[in-house]
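By letter and in written order, the chains are A, B, C, D, E and F; residue numbering begins at 1 in each of them.
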Amino acid sequence: MIDYSALDTLWVLLAAGLVFFMQAGFAMVEAGFTRAKNAGNIIMKNLMDFTVGSLIYWILGFSLMFGVSNAGLIGGVNFLSTGLYEHLGLTIPKEAFLIFQTVFCATAATIVSGAMAERTKFKSYLLYSFVISAVIYPIAGHWIWGGGWLGELGFHDFAGSTVVHSLGGWAALTGAWILGPRLGKYGKDGSIHPIKGHNLTLGALGVFILWFGWFGFNGGSTLEADAVSMAHIFVTTNLAASMGAVMAMTISWTRYGKPDVSITLNGALAGLVGITAGTDIVSPLGAACIGAIAGLTVVLAIELLDQKLKVDDPVGAVSVHGICGAVGTIAVGIFATEGGLLYGGGAQLLLVQLTGVAAIALWTFATTFVLFKAIDLTIGLRVNSEEEVLGLDLKEHGTESYADFEPKVLLDTIQ
Amino acid sequence: MDQPIFKVEIITRPGKFEALKEALNELGVMGMTVTNVMGCGVQKGQPANYRGVPYTPSLLPKIKVETVISEVPVEAVIDVAKKVLRTGEIGDGKIFVYPVSNVIRIRNGDEGVTALDNQP
Amino acid sequence: MDQPIFKVEIITRPGKFEALKEALNELGVMGMTVTNVMGCGVQKGQPANYRGVPYTPSLLPKIKVETVISEVPVEAVIDVAKKVLRTGEIGDGKIFVYPVSNVIRIRNGDEGVTALDNQP
Amino acid sequence: MDQPIFKVEIITRPGKFEALKEALNELGVMGMTVTNVMGCGVQKGQPANYRGVPYTPSLLPKIKVETVISEVPVEAVIDVAKKVLRTGEIGDGKIFVYPVSNVIRIRNGDEGVTALDNQP
Amino acid sequence: MIDYSALDTLWVLLAAGLVFFMQAGFAMVEAGFTRAKNAGNIIMKNLMDFTVGSLIYWILGFSLMFGVSNAGLIGGVNFLSTGLYEHLGLTIPKEAFLIFQTVFCATAATIVSGAMAERTKFKSYLLYSFVISAVIYPIAGHWIWGGGWLGELGFHDFAGSTVVHSLGGWAALTGAWILGPRLGKYGKDGSIHPIKGHNLTLGALGVFILWFGWFGFNGGSTLEADAVSMAHIFVTTNLAASMGAVMAMTISWTRYGKPDVSITLNGALAGLVGITAGTDIVSPLGAACIGAIAGLTVVLAIELLDQKLKVDDPVGAVSVHGICGAVGTIAVGIFATEGGLLYGGGAQLLLVQLTGVAAIALWTFATTFVLFKAIDLTIGLRVNSEEEVLGLDLKEHGTESYADFEPKVLLDTIQ
Amino acid sequence: MIDYSALDTLWVLLAAGLVFFMQAGFAMVEAGFTRAKNAGNIIMKNLMDFTVGSLIYWILGFSLMFGVSNAGLIGGVNFLSTGLYEHLGLTIPKEAFLIFQTVFCATAATIVSGAMAERTKFKSYLLYSFVISAVIYPIAGHWIWGGGWLGELGFHDFAGSTVVHSLGGWAALTGAWILGPRLGKYGKDGSIHPIKGHNLTLGALGVFILWFGWFGFNGGSTLEADAVSMAHIFVTTNLAASMGAVMAMTISWTRYGKPDVSITLNGALAGLVGITAGTDIVSPLGAACIGAIAGLTVVLAIELLDQKLKVDDPVGAVSVHGICGAVGTIAVGIFATEGGLLYGGGAQLLLVQLTGVAAIALWTFATTFVLFKAIDLTIGLRVNSEEEVLGLDLKEHGTESYADFEPKVLLDTIQ
């Protein structure tokens, strides 16, 4: 116990605090990009997936992820995280590692709420959230970070483009697809009716909070206060996010005639998600390239999902986290200064990266498909149409989020 | 101004406007003005709960759609509104018809029935 | 109540109220009531774009200014409104005139035309 | 439709609605529609200050309560409104009475006075 | 001077920054849970109790709290905190300790504004705020943390469940009770008319900010960057808050038929307040239990106050801070792994904890009763009814907080 | 590389994170203090000046600021910040220094957006933002912090009252003055029509965020985790801000009859801006005095600009950053405990401070005048009046920020 580095511990704990704060960012982005009549429900979902997730990850998930590996597939069960976990060889106390991993788990879980917003039963969301934090995320996490087979293969996902963001994004895709679109989103004639977010300033605040927290998300994943690598991570994280925003703005300007605010905000997040896998091993220039790719990808992905596939994802979670997480992870195989294609490393790393992305996608689609279908067939996944029209705040929670303001009733409840 | 002009005021549930508008447009009624209102009538608010305290809201959100017509008969508008808006449940709302003395189009000064003609 | 009383209802672009009010005040019309409304008529919403999806809003924001008058002639109010509000562009709005049966001032119980006199 | 129908429109201070509603309910008037409006009349806004710059708002927030009645006499409604709303201070507001040509209940198609009967 | 630990200092300063940020959390929670017409006033009260408190605590309060003790009752006066304070034996510079204590003092002061919201004269609030930061809090603080009699007794209040939160909560109770309820809250016939908060998303953001800041509040109270204890505190803090939210949600769901958003948010805060006293010496499981107790307590306390005692506390400050602070402090006597009842430590610690809670409650009730009564009899405590109906923003500050939005006038000003 | 201090690096990086977060503060203050119809545009401007600035500062600006000095006037060009920069003699990695300087640059750039709010073409703002981050700020920064002539002279601007805030403020003044006032702000008869901000709670949140971030802004400028100086900076920063708020409140109360919320918030910021230059070398009492001076100055400056000079600065950026930045820098010559007039240091330092303030003012006025004029004559600086009346959100970005709320149309678009 005497050997822990106080400095490393302090950094990991501060980073955990920053990642915790990202929950506020998610809540604000998701609330801001959806309708006022469901804002309380979004808040509640974000709050509860964090709290339920914190508890169940402590009780069970942590051990499945970091317990001694069984054949590289799953960690050994140990309730209440009471084991010693000496095999991890940490320089920080186990509890510091636990809290840091807890907030990561909660991040993966919370991504889904935005994509399934405005029509999911609260009860069912709670159940989903319990299962993903207890089992689905920890097992995938074990594969990559817990001593599992993907980590062994050399898969590089430094702070979780794949294990956190893609996993969350694919779960979001499965959920949004099984749920179906919000009432009124797609006309019978194939027309698309946009449903606007109710609070762009709040959404933007959420993006700034997420970006702020991301310095902890990426930086803390060093698990030690190493001067050079921390500094490098801050720089690459910031450049990729900046480039993501610039790119998304440019593309939206070109394609839709005006620089779109919410898409540009998505672009910054896309850059952040994209750089997360390789933030430690790509150069600043590589980071800017990855940011640009993510910023471009996110706009096209949103279009594809919303307009072609007609999967209704109100906040763009699938595109930002799922698709850009995958793209960013793959990009490591190209831009890694050691082993990357562009740096003469050949296709070896790239193939491993592709394998990891595919494996996690498969795992997530399979497990969440079963999960959501099971929920749908038992307690039901979706509220009824009266509840949806009047809003989840009123029907699911008996509240209204903005009691003193006159709503634009006309627009608010068009079916 | 030989033809009488009427204002038909329809108070109904929010969320029904798009359907009503389309139906009225088909009838040739193109101009209308919509307002958010709160109403009470037969329909009462549903009991709710704020931080543990039960209460019943005394007013419900409604929309008021006003359209001033002359050539299209009032009955036609009423029939259309009844068809589109009726659910048979309490809260479907009411239609009030008022006499109108005159109409003027600001843009070109047209008066009376001509001012209601919506060809630019 | 020998003199007829009318309500003049002006539906026009937001942002024009201050000018209209001043002009009406000059005419001696001091009392008016203003409401936010949404309208459709000849003027259509402009095509826009939300997160890449094109759409056209079906209603436009307007203001409704109501003033009940008796001694000031309806024509004078209409003329002033036309002068102040006309841009010649579609969307200038419409004026509707309605008969009023009675007016009461709550403060002192004044009825009819006297109730419209705005000297405190 | 032998009995005449009227709309009584009461424009008064916000915060007075609950009292008015209760008083009207006692009289048997159960249906009403309420709108937020801004008004000017005898009462003027109070001078205020924004970041050091003095200004006087030209419009004041008011509520407009509309109730269409027939069997309950207009006078009774006016009396109740005067009783409940009068403070004697400027700004108590005004009551306007309008003729109504017809009333329809959407739910079941009732017309005229029957449509105003609020028994479900 | 040469001996200060830069690492310890950095941690305490960062923690102070986090606790400062809790002011934003309080402001958002309190503004969000009250009406739009008073939002500017709430902001102003939060800003001014922090600024006035910062100044007077520096000028006077710090010395009353940490000056050389006079009989364990009060520290020796020393203006402008210019003394050496060597008797504290700090490993960090005095100024680091001063700023950390300043933000704690401001936390205690600001709790009151929520409970007295929407009807207190601004001037009178300023006066209250001055006195609590100058005298009432520092003296109580001295008893516990400044070398005073409660500390000597062995009273354990690690980061201030009692000295900060309960003290704030009891002051809030006295204030709210002397002020009387908001106009229209309670009918003459005993009926209760709920007055809804105007901005639930802002309120939720405030809760997330508070939770984020609490990692500094509890963690920084170590006053040193000790790896093991910092990590332990992060874990127990997070588990208690999570459990508080889960519990409050469950209870509200059971009692009121739907999972209530604002009560669940209160539950998270209740868990945080509850764990504050024992965060360092209870186990993770103990923390979860304390969180659960706090989450249950807060719902029942809100009901009791609001519906039985008819004390009108718009944001639940008394229940969250006062009652859950007391409950959490007492729980230390039960759950402390050394000395707690459940761990075979007997009733000794429990009795000391009860004594401390009672002493601070008495002190606070007595002093704030005199304070608020004195204010009431001189400059008056409450605005007149016209000011209350039109809103404090307009009448006290000549402003409106949301100038571009149409208010629901009807609801806003019902008496 | 082996010699970097991990602790120093951690502190600088955390401080960079805090300064980054100030962008959220700026965005919220500026959005909150302007109209709802332009909120999305403000967000977009804040986001893009940060992202564009981050990129161009990395590509070019950093080298102009910190490259080997050419005659004390400008650093040697080096693209993509790839040089070694060993002449800086840093104890932290270059990349840590780069990210810290990047967020400072972005702060200077973003100040302008508030003053030019609600009427500037988005495209033109982007261009301005590019140039200030690429050239104007880096060169001024070189003079003071990069080994340039002002630094050599002994000019003391610890964390940038002048180089960041005044520079931003003077650019804001030039911009607001060339642009002209918002439609309807000043009547033909010389009357002034106030245009209210739309979201005071958001604005207040922004101020709290800025204050929080300022601990990093001032504290991190030590560039090392020195216990004593960090602690001292936290204390002086906090006291000046507190005093600024108290003073501004008092003055507004006296002059306008009521304690004004938005002016008091400006007062806190004025205190922060004012103390930034001397936070390390003035005593706590000196800091309180500087805060008081700034709090007084800001109220009078806002009045002067708005009512006498009729420069329309919606958020008070010129007064807060420009004027109080200058005043605070000059105050160093008076209050510095070593070299200050009041401490018997004579007028020497004071004269140097005056020189520095004047030099930066001249530089900024000259360069931004040319810049804004050039933009005005080519692509145009201001939107047309229809765009201004309908709002930049709609016309520049095709969005609305609060789609579910009924706007007060009447007030919103009065010309």
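One rule holds in what follows: contacts are C-beta pairs under 8 Å (C-beta built on N, C-alpha and C of every residue); 3 or more make two chains touch, one makes a residue touch a chain.
The model shown is predicted, which means the values in this text are computed figures rather than measured ones.
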Listing by label each chain that touches chain D and chain F gives C, E
What's the call on chain A versus chain F, same or different interface residues, using the half cut on shared numbers? different
Cα centre of chain B to Cα centre of chain E, whole Å, reads 52
Separation of the C-alpha centres, chain B versus chain D, in whole Å, is 18
For chain B, residues that touch 2 or more chains besides their own: 18, 34-36, 38, 49-50, 59, 62, 98-99
Considering chain F alone, which of its residues make contact with at least two other chains? 7, 10, 14, 196, 199, 205, 256-258, 260, 262, 398-399, 402, 405-408, 410, 412
Pairwise touch list, complete, is A-B, A-C, A-E, A-F, B-C, B-D, B-E, C-D, C-F, D-E, D-F, E-F
Chain C contact footprint on chain A (complex, rising order): 192-194, 196, 252, 255-258, 260, 262-263, 299, 302-303, 306-307, 316, 410
Considering only the defined contacts, which chain B positions touch chain E in the complex? 38, 49-53, 55, 59
Spell out the residues on chain D that touch chain C in their complex, using ranges where they run on. 6, 10-12, 35-42, 58-59, 62, 64, 74, 78, 81-82, 85-99
Can you check the complex and tell me which residues of chain F touch chain A? 1, 4-10, 13-14, 16-17, 20-21, 23-24, 27-28, 31-32, 39-41, 43-44, 46-48, 50-52, 54-55, 58, 80-81, 92-96, 98-99, 102, 122, 199, 202, 205, 393, 396-406
Can you list the residues on chain D that touch chain E in the complex? 14-15, 17-18, 34, 36, 48-50, 61, 63
